[in-house]
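Should a chain be cited, it is by its letter among A, B, C, D and E, assigned in written order, with residues numbered from 1 in that chain.
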Amino acid sequence: MMNAPIAKTVISARGVDLTFETADGPVHALKGVDLDISKGEFVSFIGPSGCGKTTFLRVVAALETPTAGEVSVNGMSPDDARRARAYGYVFQAAGLYPWRTIGRNISLPLEIMGYPKAERTRRVREVLELVELGGFEKKYPWQLSGGMQQRASIARALAFDAEILLMDEPFGALDEIVRDRLNEELLRLWAATGKTTLFVTHSIPEAVYLSTKIVVMSPRPGRISDVIDSPLPPERPLDIRDSPEFIEIAHRVREGLRAGHEEV
Amino acid sequence: QDLDEVRLQLQWVTQAQFAGYYVALEQGFYEEEGLDVEILAGGPDIAPPQVLAGGGADVMLNWMPSALAAREKGLPVVNIAQPFASSGLMLTCWKDTGIEGPQDFKGKTIGVWFFGNEYPFLSWMSQEGISTDGGEDGVTVLKQGFNVDPLIQRQADCISTMTYNEYGQVLDAGISEDELVTFKYEEMGVATLEDGMWVLEENLEDPEFVDKMTRFVRASMKGWKWAEENPEEAAMIVLDNDETGAQTEAHQVRMMGEIAKLTEGSDGSLDEAAYQRTVDTLLAGGSDPVISAEPEGAFTHEITDKALQ
Amino acid sequence: MSRAGPILVLVAGLFALWYAAAVPMNIREALTAAERDGAAVQPATAVERRDANALGLVLANPGQIPEAWAQDRPRLPAPHQVAGELWQSVVMEEVEGRRGLVRSGSLSNRGLLLHAWITLSATALGFAIGAVAGIALAIGIVHSKTMEKSVMPWAIVSQTVPIVALAPMIVVVLYSVGLQGLLPKAIISAYLSFFPVVVGMVKGLRAPDAMQTDLMRTWDASGWQVLTRLRLPASLPYLFASLKIAVAAALVGAIVGELPVQGGGLGARMLAGSYYGQTAQIWAALLLAAALAAVLVAAIGAMQRLALRRMGGAA
Amino acid sequence: MSMAILALALWLGLWALNVWLATGPLSDRIWARMAVPLLFGITLLVLWEIAVRALAVPLVILPPPSQIGARFGASLPVLWGDFVQTILRGGLTGYAIGCGAAFLTAIAVDRFVFLQRGLLPLASFMAALPIVGTAPILVMWFGFDWQSKAAVVVVMVFFPMLVNTVAGLAETSAMQRDLMRSWGAGYWQGLVKLRLPAAMPFIFNGLKICTTLALIGAIVAEFFGSPTLGLGFRITTSVGQLALDMVWAAILVAALAGTGFYGLVALIERGVTFWHPSQRG
Amino acid sequence: MMNAPIAKTVISARGVDLTFETADGPVHALKGVDLDISKGEFVSFIGPSGCGKTTFLRVVAALETPTAGEVSVNGMSPDDARRARAYGYVFQAAGLYPWRTIGRNISLPLEIMGYPKAERTRRVREVLELVELGGFEKKYPWQLSGGMQQRASIARALAFDAEILLMDEPFGALDEIVRDRLNEELLRLWAATGKTTLFVTHSIPEAVYLSTKIVVMSPRPGRISDVIDSPLPPERPLDIRDSPEFIEIAHRVREGLRAGHEEV
């Protein structure tokens, strides 16, 4: 079930366990997670709600420390990778700062990383166009609809050049049409930049369409139940979704998911 | 020419009680003696001995009980002059409480100033054999704020007053003298000396300091005599120096008049009989005497002797 | 108008209450005075009245009610008496007084304006020191565990030291080391005002939720960046609530610092007023101090609204 | 000079020990947590002792901690009486009444826009009714005993508590309020179920600040008249007698009481606002 | 384009306009919205992100006042209906109160509406099972994953007997399997109780599967571009999604959506 490294391994997890201590007993969020991700891969995580997808991403981003096991990123600890500004993270909830306009929210990481002013302005414009929010630069988060907030938060993570993109259900609140468009954009961006991407989604077609590798997880305790390498070519027009290979992978993912659910 | 600096710490806010010093300042008596004097107003919770100890002043005014107590506490202060010949402290009581003499205090509530000013009262009560812990046979002591409200509000049957200040305020409140009974400490034989000039003993070893103080005392006494003779002008000088602007003219003029009675007959030199009477009163403080031993070297005539030459 | 309306109504109500309260408060003295003037009052002697109920006395002597509003040394001066005193000490003294603005060219020490100014300058300096120190300390506490664990308990202890009780001593000690004028008062004022800022800001700087701080972590923001870009903006509601309290505390501190009556100021004025039984004087200074506080608090409220507006008036 | 170096070395040494205790491997031991502030305090005290002795500060200005400790130990019965009079009778009563009244006022202010417009400005007017001014008046009105001290405390704590409670009651998010509206919750339900819990972090802010204010108020009010006991009485009379060791022993009582009081409120706060990010840390 | 009332009209909107005033100019969130919803209908709203779906639901729930036009609910104003506790609202974000456990969050509206204690306990249990959160009753919101929080918020709205259910993308953060299950549950519940339901979603299949009526909206200004009455029978097994009628409606919805997008 483990995946042998093909190219340069960027992220490698070995026997990762994570238990949260709560007032009424421990919660096993991750158990024995082994995973290798090579440079430039696009890995989707799919699994029932509460199975530990978010937790795994947080472990990779050094926001959570595993109770057992090892994670290395680019051969360093996740925390060192974090310090090297390797991550662009889109959280499950938008998490925009309410006292900043959309534009200034997006430019915040750029400020922090010391991009010059002109460059910031240019990039903010660019990513706002990318997520179809041109013209909303000056609005405050609470003046935006839920989907628009989510897009703003995607834009924020895309604005700077992180080597690794961590996206936690970024397109959950978007309609099919925008979602398709953004899927295409994301794929284009990924192909162009070769960023290693970890992507959590609940949509099987989305996972299959985007990924070079699909990780299916099952809950309580959260673990990896299947890792599927996609045979689809790098060039993927939207109608690839009607191809037999596509449907076949989607079927395998669905089976994996269902199995995870039944266990519970 | 260069003037010698002297800082004088008063023991209360600017009022006619200190008229002599303000007069000496305003009339240029200090300057004539080659002194540059700064008068530091006092107030509640400013302990002049503490200021002296901290080097904040060269000379302070203080009541003798408080100064002698400080001396026993290890702060060697020495009286160099005593412009006040007699005491202005008294108890003022409502006549309708039935108080006629000290023995009637039993069971009554009496307001007393603390902050070092309780000593004369405690001595007196101990001489009378009255306990100060309340109850039927003792007096209930209140720590009186520095005003006459407790009497007027009838929260206390008697309060401490000075002839020159608080007593006048009681009268100003519309109470007539025949509604009141007063007990002057002077008349009760428990008077203690008030408003002496005190310096640190160690400073007196310095001849220059002694010389400075001599000139200071001389000029101050000149100020006092001027104030006694010109009470109205003296009161106005005090008013001019009051930074709070809170006093009224009428009150200060009357105060000056009363103060003049206390400074009358003093040329600044300490009357050793009065000193001894003060010390005896304080030593007689019963179970809790203010001072436990006869003080040694608590005063010097050196400076007044030179000043009076 | 719609803003002023409720204030006016409430102020009017307050005045009515004040007048009403002044009657039982002052009735005893009023009756004593009337008795002295030979009027017949019920009960006839002060001793009998001592233990009587104040309201009962009012009811028994309704004719003396106006007297209760006209006492020289009232327990509670009536509003017009205080207003009269304010008029005297703020306006008349400056216009007609021997040392007033008109005759001497400078503010009179017998008027209240000078004293208000003295107090205000000490307050401003003390508040500035206190607020800056409070914010700095809070930042230190939020950033350093050692600071939090060792300094915070002592910051609390520092406030339980009745500094106000020591104020005169402190002023004296500071004086003896050569500090005088505004600074000793400002130090006391700062001492009182820094604490509310510390308490509020520690809470405020920790108010950002986990996601907001996690984001900063993923960007590897430095401590300083997290502070300026996240913690400080998030702490603003706490900061302003604290600053309002702190500025009031600073004023109290400045006034307390004036207890050793040297140098004037509203505190000296109140205290001197109390020594000489000038009730109206105390009340006038008190009201002026309160007005000063109201203005200062309102100024901070205005800053708060401005800041919130600039931050998008977030819902 | 050598004293200064000794003092500096001592300071650095103890601070380093403290850093290690606070952040090192033992930092979550309960005794380590207690030790850190204590060590810091001991550092201060030792420095104080050294400074007083080295500079030969007169005893009537600042006594060394050792002497204060001795006086404290020798005067326990007297100080206990003062503690009961000032802290328990004056301080606590005033604190309870003042904070309670401010809390109710805040709710009234929150309920009626009219009061919000009219009362808040008036309350800030009350904010700086300085204790120096109010205390003589309140002593005149309420007498010498603890009642007047409680009244002073009431006036002192009212404003901080009011400001914090009002700020706290405004501290809900739009969505939280909308939810309540959608359930047709009445005013009181919204208050009890949403706004009060959400306001708790602010309310405890106020309660904490007020603990120390209450002590200060109760003590200072005694300057303006008191029976012959109480911490404020002790402090003033002892200053007058130049018994500075007694002054500081009384201050020590106030500090102990205040710290205990504050700690108690902070403890309750931890329990009540466990959900707030600042407590989840 | 308007829909004549078939049965008793519960919600009726006439010419509803809503403009938000913001610092940099007005935003037209709704323009000329006319809509009638009959008792017991299940109406889905679909449309691009930012087209005014949330705003319309808020207007119905009296959380927003239209700038022009009329809305009536059960013949009263939305505000009176709100006071009559006609609404169960699931917001787009979970909005759980952090100081209450999941169980107590769900019982909160019950407390407010005065349900007795035993009844509250029973209902909380029941809805927690329904959204598959049994066993998480005692956890605090921040101890739950994003999808779990969303389910808790759904449970909260289902726990009491609101006549009208307003659900704003309730299933956005759920995986396909749970989502399918909850869709079925919701349909069952709806059939059993006959609650009038307004449901915002971005999933075309979901909209078609659940609804008796699908409202397609288009943005800037937000307005209704199509209203589709579903000819599907009330009984809907999951595999109805492969029927030609289903695919045909889905197609029509997709066309409507696309048209809305192109306009922009």
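Operating definition for what follows: contacts are C-beta pairs under 8 Å (C-beta built on N, C-alpha and C of every residue); 3 or more make two chains touch, one makes a residue touch a chain.
Composition by chain, UniProt nomenclature: A, E = Pyrimidine ABC transporter, ATP-binding protein; C = Pyrimidine ABC transporter, transmembrane component 2; D = Pyrimidine ABC transporter, transmembrane component 1.
What you are looking at is a predicted structure, and each value in this text was computed from that prediction instead of being measured.
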Graph distance between subunit B and subunit D, where chains that touch are linked: 1
Reference subunit E; chain at largest CA-centroid distance: B
Chains linked by the largest number of contacting C-beta pairs: C-D
Innermost chain, where centres are averages of C-alpha coordinates: D
Centre-to-centre distance between subunit E and subunit D (centres being mean Cα positions), rounded to whole Å: 50
Chain centre separation (subunit B, subunit C; CA means) in Å: 33
Mean-CA-position distance for subunit E and subunit A (Å): 28
Residues within subunit E bordering two or more other chains: 23, 93, 142
Where subunit D touches two or more other chains at once, by residue number: 61, 136, 140, 173-174, 223-224, 236, 239, 276, 280
Residues of subunit B touching at least two other chains: 44-45, 47, 50, 54, 145, 147, 149, 153
Residue numbers on subunit D that touch subunit C, as the complex places them: 15, 18-19, 22-23, 27, 33, 36-37, 39-41, 44, 61-62, 114-119, 121-122, 124-134, 136-137, 140-141, 159-160, 163-164, 167, 171, 173-174, 201-202, 205, 208-209, 212, 215-216, 219-220, 223-224, 231-232, 235-236, 239, 251, 254-259, 261-263, 276-278, 280-281
Subunit C to subunit A touching residues, read off their complex: 211-212, 214-222, 225, 229-230, 233-234, 236, 311-315
For the subunit D and subunit E complex, residues of the former touching the latter: 173, 175-176, 178-185, 189, 193-194, 197-198, 200, 273-276, 280
Touch list for subunit A against partner subunit E, complex: 20, 22-24, 27, 46-50, 53-55, 92-93, 138-139, 143-148, 151, 168-169, 172-179, 202-204, 254, 257-258, 261
Subunit D-touching residues of subunit E, taken from the complex the two chains share: 58, 61-63, 82-89, 91, 93, 95, 97-100, 108-109, 111-113, 140, 142, 160, 166
